[in-house]
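To keep things simple, chains are lettered A, B, C, D, E and F as they appear, and every chain counts its residues starting from 1.
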Amino acid sequence: MGDSLLKCVEGRDDEIIEQCICDVARTVQKSLDIPLESIRIVVEEVSKNRFAVGDKLKSEV
Amino acid sequence: MGDSLLKCVEGRDDEIIEQCICDVARTVQKSLDIPLESIRIVVEEVSKNRFAVGDKLKSEV
Amino acid sequence: MGDSLLKCVEGRDDEIIEQCICDVARTVQKSLDIPLESIRIVVEEVSKNRFAVGDKLKSEV
Amino acid sequence: MGDSLLKCVEGRDDEIIEQCICDVARTVQKSLDIPLESIRIVVEEVSKNRFAVGDKLKSEV
Amino acid sequence: MGDSLLKCVEGRDDEIIEQCICDVARTVQKSLDIPLESIRIVVEEVSKNRFAVGDKLKSEV
Amino acid sequence: MGDSLLKCVEGRDDEIIEQCICDVARTVQKSLDIPLESIRIVVEEVSKNRFAVGDKLKSEV
């Protein structure tokens, strides 16, 4: 088991996200020394006006 | 309290998801012996190119 | 670190959600006495037919 | 894919939790019509003073 | 529905966490204009060596 | 923003987990081309009898 949930701000090309998923999977596989098949990666993209650092929305900066 | 967050791949009919929510709620109610009203079920559907087993995206298989 | 993930039913105006994010950030900042910059707030909105209390979907009530 | 994260209040016997995990897995398998092997269930137990309905901690009621 | 999952670094007194839970519940109640009873707050505390900003563990800084 | 929540089975040495956190942070930084400081990694370890693939607990296999 090496389940990773990655959240990032929306707006990237599919290829970027897809490559990131593969890269994280391989990193977890090496770091934890577990089979690739036991790893699951999910990416959730968040709207800029649904995410804030402190009280500053990402859509404002 | 018996909160369940269920993630599945997108693309199913609403009726399937809605029935699944009810089924899981009743299963948790029986297994944990808690009132139905204390149970919350949320389903999140994930795009096939935002989910991978190992480095294989669901959209590729 | 004071990361808050807030889930609510979809259908509210953006201003309501955005104000809620700011309010929660400031509340966490005061309660935990941490810098605003160390706080992250994400809001996820859930469809009424993807959320149930017990076996009653929100879309049914 | 049928990943379920179940949160409940701590204090139950292991057998109860373990049976619940199996029951939820089989329910999801039937409801979504997916192979058992594609399903993952995780249970997280929450302390009574780390969970509240409204502003009432579970440890107070 | 106004479910909030708050993660913070472990090491605070119970009273601080409990007060924070109540404060967040009331903030969400006011901001979203929903009944207190429909709100659930869970706090999860994370060890300093299980959390990093970038590649710096909280336990190192 | 590049928040990653990684869940794995408990029982690994701290150094393994800590190195994994750093490796994932750097992988996300490169893949998404974002500053390291905007990335947060949290690892949660799950007991073998709180996690199942299908209806088989990790503690049974």
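Keep in mind that, in the parts below, a residue touches a chain if its C-beta (ideal position, glycine included) is under 8 Å from a C-beta of that chain, and two chains touch if they have at least 3 such contacts.
The shown structure was predicted, so the numbers you read here are calculated from the model rather than taken from an experiment.
Common neighbours of chain A and chain F (chains touching each): C, D.
Taken over every residue number at the interface, the positions common to chain C and chain E amount to over half, indicating a same-residue contact.
Remark: chain B and chain D have CA centroids separated by 12 Å (rounded to whole angstrom).
For this pair, chain C with chain D, the centres built from the Cα atoms lie 22 Å apart. Once the centre of each chain is set as its mean CA position, chain C and chain F turn out to be 24 Å apart.
Chain contacts: chain F has residues 1, 3, 7, 40, 46, 51 touching two or more partner chains. Chain contact topology: the protein chains form a pattern that is neither a line, a ring, a star nor a complete graph. If you check each pair of chains against the touch rule, the ones that pass are A-B, A-C, A-D, A-F, B-C, B-D, B-E, C-E, C-F, D-E, D-F, E-F. Contact residues of chain D toward chain F in the complex are 14, 17-18, 21-22, 25-26, 29, 35-45.
If you check the complex, the residues on chain D that touch chain A are 1, 3, 40. The part of chain B that touches chain D in the complex is made up of residues 1-9, 12, 16, 19-20, 23-24, 27-28, 30-32, 34, 46, 51, 58. Residues 7, 46, 49-55, 57 of chain A are the ones touching chain C in the complex.
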